[in-house]
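Down below are the structures I want you to see.
Each of the two complexes below includes subunit A, the first together with subunit B, the second together with subunit C.
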Partner chain A sequence: MMNRIFDSLIAFGNAHLMQASHNKLAIIACNSKSTKFLYPSMDGTSRSYHNRPGQYDMFAKVDSDVRHGLGELILNDMTDNDSTKSDSLLGGAMARALSYIHRVQRELSLSHQLKPRVLVVSGSCDSALQYMTFMNVFFTAQKENVVIDCCMMDTDSGLLQQGCDITGGQYLHIPSVAGLLEYLLWVFLPSPSCRSKIVLPPPTKVDYRAACFCHHKLVDIGWVCSVCLSIFCKFSIMCTTCNTEFKLNRPAIVPAKSKKRARIE
Partner chain B sequence: MADEDETKEYRWESGYEKTWEAIKEDDDGLLESNVADLVARAKRKRAALKDTGAIQLGMMRHLFVVVDASACMFLQDLKPTRFLCVLKLLEVFVHEFFDLNPISQLGILTTKMKRSEQITVLAGNQKKHIEALQQLKDLSCEGEPSLQNSLERAMNGLKNMPAYSSREILVLFGSLTTCDPGDIQKTIKSLKDNNIRVSIIGLAAEVRICQEIAKKTGGTYNVLIDDHHLKELILNQVQPPAVAGSMEASLVKMGFPGGSPIVNDGTSDSSADHAPAYCLCHIESETSSLMGPNGYNCPQCGSRYCELPVECKQCGLTLVSAPHLARSYHHLFPIKPFIERAQVRETTHCFACAKLFVEAETNVYECENCNQIVCLDCDLFIRETLHTCPGCASDPVTAQMKTN
Partner chain C sequence: MALLISRRIFRPHFIFRKMTSSSESILLLVPHVKLKKNEGELYLMSERLGWMVGNKDSFNVSHKYSDIKTQKISPEGKPKVQLQVCLHDGSATTFQFVNPSGQAEQMADRDKVKDLLQLMLPKFKRMVNKDLEEKKLFLSENPQYRQLYMDLVKSNVISAEEFWSDYATQFIKQQQDTKNATQQDVGISASFLADIKPQTDGCNGGVRYLLTSDVMASIFRTYPSVKQKHLKCVPNKMTEEEFWKKFFSSHYLHRDKNINDTKDLFTDCGKQDEQVLRQDLTTAINDPLLDLTALNDVEDETSGTPSNAKINNIAHQNMIRRFNQHSILVLKASEQAAGAEPAVVEAAPPKRMRLQEALTYDDLDSSESNPNVQLNLCRIERYLNGPPTTVPSQAGVNRNGSSTGLAVDSNTFKSILGRWMRGGGDRYNPLDVLSSATAVTVLGELSIGGSLMRGPQPNSAIHLTSELQKELKELYVSLSEILKHFWAAFPPSTPELVQKTNRMIDALHKFNQAKLTPYEQKLIQASTSSEAENIIRPLRFQLQAAIRKHSQLSERRPLPRTVVSSM
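Entry: the complex of A and B
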C-alpha cells in the first residue's frame, strides 16, 4: 500500500517536471522524528541512476533519490528508541519548504518570476501544539504569494483547511487512497492561474472559530487578554499565559449629584 | 540631522568620520569579498536592531495619522510634491498596518488653514482609508498648519477609547511653523494625562516643539533625509510599540463568527446562519448588497457582515477570526538571535534552504535551541518574515508550543 502511494507521488512529481522545462520540483518528507529533503538530495554522494533507455534523466534521478531518502527516513524512525512522543512535524517541513522557495526565488529573481506552490499530502490529524508554527507558515506563504494546497487521506485537518483558505489554495479530502494519483493529477497538477477555467471540487467552508486556551474547545464568543491575545471561554481574574491581573470593568460609580441650590443673594 | 540619544550631539559637532578607511583590499587586490561582507553585516545589523525581546507590546492600537496639508507641502523636494509622496507612502503604511495589527483601528486627519479636518473616523476597515487617501490627492495645500488643533482633535477621538488599548498619534509635519489658538503646553499635559503617545516625522528640519512633544508623551521624533528614509521611518511605526507599563490589561469580549461550516453532503445547516440577508456594513449605502450564504453572523445579535474584522453596529461586539489574532502572536514569542560561527566542515548544506555552502561564505548561523546551521539569507528570512526556526520546528522536543 505504501509502495503504491510513493509510486503515485513520484509519478505526480515527474508529471509536474514534464509540463514545462523550467518547472522545478522539491520533495520534503516528515514524520514524528524529523524532516528531510528527499529531492534535491542533500547527501552529496552521487548515485548511479539506472534509467531505462529513453527515459528522461531527471525522472530517474527523482525516482532514485526519493526512494533512497524515504528508506533512510523510515529506518531512522525504527532504530531510534527515543521516547519523546510528538505529532508529525508538518510545520517544520513547510517552514523548510518556504525557505527553499525563498532561496530559489532570490537566485532566479534577475531572470524570471517563479509561481511557487506547496502541496501537502498528509494523513495525520491536527497537532494543537504546533499551532504557532502552522500559523507563521501560512502568513509567510500569504506574504510571499505561495499557494498552499492540501490533499488529505483518512482524516480532516482544520488547520490545513485554514491555511488553504488563507493562501488561496485547494483543500481536498480523498475518499479512497487507491485513486490517489488520479486525484493528484486532476486537482493539483494545474497551476493556480488556470484553475479558474477548470471544474474543481467545491471549496469547503472553513471553521474560523478559535479554540480557547483553557479547554481547547471552539468558542463563538470569547474573552481575549489585551496583553497577550490569548482566548478564554470564561471571564477570570488573571490571564494564565502572561500572568497579568485584569482590571474588572465595572461601570464607573457616579456619586449622586447633590442638587445645587441657586444662591439668591 | 539630530541624534536620538540624550546628549544630543549633532553630526557637525562630532569629529570627522573617515568612511573610506572601512574598505580594505584583500590579498589579491580585490574588493568584492569585502563589499559582500559589508553588505551582509549591514543586513544583519538592521534585522538585529528590530529584535526587542519579550517586552509587553500594545497589540490593540488606536492610531490617528495627522497629515500636514499646508502650503509648504507643495514644495518639490520630495518628488512629485511632498504631499503626493507622503500620500503614496501612507497607502503602503495603511496596508502594512492592518496586515500586522489586524484588530487595530486607524483614523486620518489633515491640517491646513490653521484648522484641522477629519478625513476618516477611527475604523478597522482598510479599504475606506485607502480610498480616502486616494481622494485626498486632489486636495489643495494652502495656509498654515496648526499642531494644537490637530492634536486636540485627535485627542477627542482617542479619549473615549478603552484603557487597555494603545493610543497613538502619528504626525507627518512638513512645516517649520505652527499657528495655535492657545497654549500648547496645556495640550501636551492633557495628552500625557490621557496616555496618548505622539510620534512626529518631520519633513523639513528639526523643530524644537516637536521634539518636546515627542519626548514628553513617550513617542519618537525623526527628521527624514530622503524619500527612502521617509519610507523606513513610516514603516517603523507599523510595529507595535513597547508599552511604558502604565497600560491596564483587561479581558475584552470578542466574537468569532464563521462557526458551523456547511456539511459536505449538501444538507444545509441551521437556516439562520446561511440564509441570504442584507449585510449591515453596506446598509447605509444606496446599493446595499444582498449576501448569499457567504457572510459572517454576529454570534450575539445575529447581524450579517461581509468581512472581518468589524465592530458590530448593533451590539458593539468586536468580531474577529482566529487568524487575525494569530497574526500578532509571533511578537510574543520572538526567536533568539542566531549565533554567528565560522564555517563548520560537517554541515555542507544550509538546513532551511538546502543550499550548498561555498568557500566564499565565511559565516554561518546556528540556532541555540536546535543547533541547526543556516545561511545568512535564511537567517534574515527567518527573522523578518517566517518568525519560526525550521530547525526547532523539525525537532520533536522543541516543536511543542512553549505556552502549553
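Entry: the complex of A and C
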C-alpha cells in the first residue's frame, strides 16, 4: 500500500511535467522531525538513474530522486523511537514550499511568470500546536496568489479545509487509497484557471468557528477580550490570559410587578 | 311704463339685500357683460367674483380669488373688449364687455374690473407649497430615493414623515449647498465691449453704438478715470450723447493710443491711469508674498536681476500697459471681495503664516504615535498558539499506521522500503499503481451524481436576465429599508415604538405577499424551483428573523391586567 501511494505521487508529478514544457515541479516530504526537498534534490550529488527505453529523462530523474530521498528520510527516522508521538511538521513544509515558489518566481523574468499552486497529500490530523503556523501560511499564500489544494487520505482536517477555502483551492477527502492516482489526476491535475469550466466535487461547508479558551468547545458567538483577543464562551470578570478586568453595564431590571403584588397582598 | 321702471330699479336693491344676507359685500358691479353669448352682470366681491344672468338669483359662474392664477385682457385694437380669468387648474373663463353706449365705455368697464382684480388677486394668491416642490425636485434627481419612495410610501408601508425624517439630512444639505453657491458677486464679462456691436449706418458711413445702462456701468468699472471724467463733464459741459461719442472716437479706447496727442479729451485719462498704476504697485495690493515688479518678460542676459529695459515698440508698450491696468483692477476687486481691510500692522504674521502653510503638508506629517502599552500575558502559549482545535493531538499521529495495522515490524518494513527504492526503471509495472477496475470505480464516484459530488455546485445553471437582476436588487433595497425601521424601533420601551414594530411587521407581511411571492414565481419560471429557493433564501431568512423576534417580544409583553377586587 505504501509503495502504491509513493508511486502514485511520482506518476502524478510526472504527469504535471508532461502537461507543458514550462511546468515546474517540487516535492517536499515531512515527518515529525524534519522536512526535506525530494525533488529537486538538494544533495548536490548527481545520481545515476536508469531510464526505461523511450522514457523522458526528466521523468526518470524525478523518479529516482524521490525514491532515494524518501527512502532515506524514512530510514533515518526509524532509528528514533519516540518520533511517532509528536506531530508532523506540515506547517513548516508548506512554508518551505512557499519560499521556494517565491525564489523561483524571482529568478524568472517577468515574461514567464508562474501560476503557482501547492498540493498537500496528507493522512494525519490537525495539529493543535501548529495553528498559528498554518494560518500564517494560508494568509501568505493568499497574498502571493498561490492556490493550496488538499487531498486527505484517512481523516478530515479542519485547518486545511480553511486553507483551501481561503486560497481558492480544492479540498478532497478520499474514501479509498487504492485509487489515489486516479483521484489526483482527475481532480488536481487541471490548473485553477480551467477548473471553473470543469465539474468538480463541490466545496464543503467549512467550519470556521473558533474554540473557546476555557472549555475548548466551538462557539459561534462569544466574548472576546479587547486586549489580547482571547475567546471565551461566557462572561467572566477577568481575562485569564492577560489579567484585564472587564466592566459590563447591564440594564437594571426593576422588579416593579413584584412590589405591586406585595402591596396588594 | 312706470311699473317697468320701478321693477328695474327694484331689482338691484333686491339683489343687494340678498348679497348682504349672505354676508358678502359687493365691491364692483358691472352690467352688460357677456359670457358665452349670454348677457348678464359681473360682480366682484371681497372673496370671489361671480357672473349671473339678469333675472336669476344665484351665480351661474363664480370663482374664488384664491383659485384664480392670472387675468388677461385683449389687446387695444381689437373690436371685442374681453377679459380672461385663468384658474390654477388650467381652465379659463372669458368675459366680454358689451356696454351699449360704446367701445370707450366698454374699455372703461373692463379697466375698472382689471384694476380691482389686480388689487384683490395678490392677497389671495395661493402659496404653492414650496416645500412640496423642493421635495419633488429632490426625488426626481435621485432615482434610488424615488424608487424607495414608490415602494414604501405609495403602498402605505411607511408614512411619509418617517421617510423624510431619515433622509432629511441629505435633503437639507442639498438645499444648503445650492444656497451657498449663490453668494458671489457677478463680475463683468470680459467681452462686453465686443458685444456693443457697432452697426454701420447706411447713409454717411458712421457707426452706431447701442448703449444700455449696464454697458455704461461696465465701462465705468473697467476704466475708473473715465468715470471721473463723466462726473466732471456731464451734464455741465456736454450731454451724455456727446460724451460717449467722444469716448468712442478717442484713441483712448482703441489700441493704438498715443499719449502725446493733446487734442483728445481723454488723453489725460491715460496719464492719470499711469500715475494710479505706479501708486498701486506699491500700496494697494496687500499680499506680502506677491511682488508685482518681479514679473518681466525681458531679462538682461548679463545680470540675473530683471531689468526694466525699454521696449522699443510703442504698440507693444501700449498693449502691455493696458494689460497691466486691467490686471491691477482685477487684483483690487478680489481684495475687496475678500472683505479684508488693508491693515499694515498685521502684514508680518500673515506672511509668516502663509510661508508656513506653503511649506508643510498636514497629510504627510506623521500621525501621533500611540502610546505603547505593554501587553502582560500570564498564559503566553494561548496568545502564541491561538484558539485550540477540537481534535486533540495525540490521537492523530498513529492513524495511518492503524489502517494497515502495526503488525509490520521494522525489519520487514526496511526490506519493503529497500525494494521500493530500487524499484524504478525496468521493474516498473504501471498496473501495480492503479488497476483499471479501481480507476473505473473512482470515476464513478467523481462523475455527476457520484458519492463525492453531492452538494451545491458553485457554478449553477441559473442565469438571471438583467430585468430579474434589477428587480432582485430593488427587492433587497426595499426589504432592507423596512427592516431598518423595524430594528431601529428596538427595544420597544414606549407604546409608540410598540405600535411602530406592529406596523412594521404588517408591512413585512404585506411585502412578502405583494412582492416576494410573485418574484419567486417568476424565478421558478425562469429556472428550477430549487435554484429560485436558493436565491430567495437570504431575503426570507431576514424576514423570518424579524417576525420571530417580534412574536417573541409580543408573547413576553404582559397582557393588560384586570383588577380583581377582593372582598
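Here is the rule we go by: the second predicted complex is superposed on the first by the 236 of 265 C-alpha atoms of A that agree within 3 Å, B and C clash if a C-alpha of one lies under 4 Å from a C-alpha of the other, contacts with A are read in each partner's own complex, and residues count from 1 in each chain.
To be clear about the criterion, contacts are C-beta pairs under 8 Å (C-beta built on N, C-alpha and C of every residue); 3 or more make two chains touch, one makes a residue touch a chain.
Computed from a predicted structure; not experimentally measured.
Asker: In the superposition on subunit A, see if there is space for subunit B and subunit C together, and answer fit or clash.
Answerer: On the shared subunit A, the partners clash.
Asker: Between subunit B (first) and subunit C (second), which does A:Leu159 come into contact with in this model arrangement: first, second, both, or neither?
Answerer: A:Leu159 sits against subunit C, while subunit B stays out of touch.
Asker: Could you say whether A:Ala210 touches subunit B, subunit C, both of them, or neither, answering first, second, both or neither?
Answerer: both
Asker: With both complexes superposed on chain A, which partner does A:His102 reach: first (subunit B), second (subunit C), both or neither?
Answerer: The first partner, subunit B, only.
Asker: With both complexes overlaid on chain A, does A:Met78 touch subunit B (first), subunit C (second), both or neither?
Answerer: It touches subunit C, and subunit B stays clear.
Asker: With the two structures laid over each other on chain A, which partner does A:Asp63 touch: subunit B (first), subunit C (second), both, or neither?
Answerer: Only subunit C; A:Asp63 stays clear of subunit B.
Asker: Applying the document's definition of touch, where does A:Met132 land relative to subunit B and subunit C: first, second, both, or neither?
Answerer: both
Asker: Looking at the overlay, does A:Asn23 come into contact with subunit B only (first), subunit C only (second), both, or neither?
Answerer: Touch partners of A:Asn23: none, neither subunit B nor subunit C.
Asker: Which subunit A residues are contacted by subunit C in one complex and by subunit B in the other?
Answerer: 32, 84-86, 128-129, 131-132, 135, 204, 210-211, 213, 218, 227-228, 230-231, 241-242
Asker: Could you pull out which subunit A residues touch subunit B in their complex?
Answerer: So the residues of subunit A touching subunit B come out as 26, 30, 32-35, 37, 40, 42, 44, 82, 84-86, 89, 91-93, 95-96, 98-100, 102-103, 106, 128-133, 135-140, 143-144, 162, 166, 204-211, 213, 218-232, 235-236, 239, 241-242, 244-249.
Asker: Where on subunit B does subunit A make contact in their complex?
Answerer: 56, 59-60, 163-165, 248-262, 264, 299-300, 317, 321-323, 325-330, 332-333, 348-355, 374, 377-378, 381-382, 385-397, 399-401, 403-404
Asker: Can you name the residues of subunit C that touch subunit A in the complex?
Answerer: Result: residues 375-379, 382-401, 403-404, 410, 413-414, 416-418, 420-426, 428, 430, 432-435, 438-439, 441-443, 445-446, 448, 451-459, 558 of subunit C touch subunit A.
Asker: Where on subunit A does subunit C make contact in their complex?
Answerer: Those residues of subunit A that touch subunit C are 1-4, 6-8, 11, 32, 49-52, 60, 63-64, 67-68, 70-71, 74-75, 78, 84-88, 123-129, 131-132, 135, 153-155, 158-159, 172, 175-176, 178-183, 186-187, 196, 199, 201-204, 210-213, 216-218, 227-228, 230-231, 240-243, 257.
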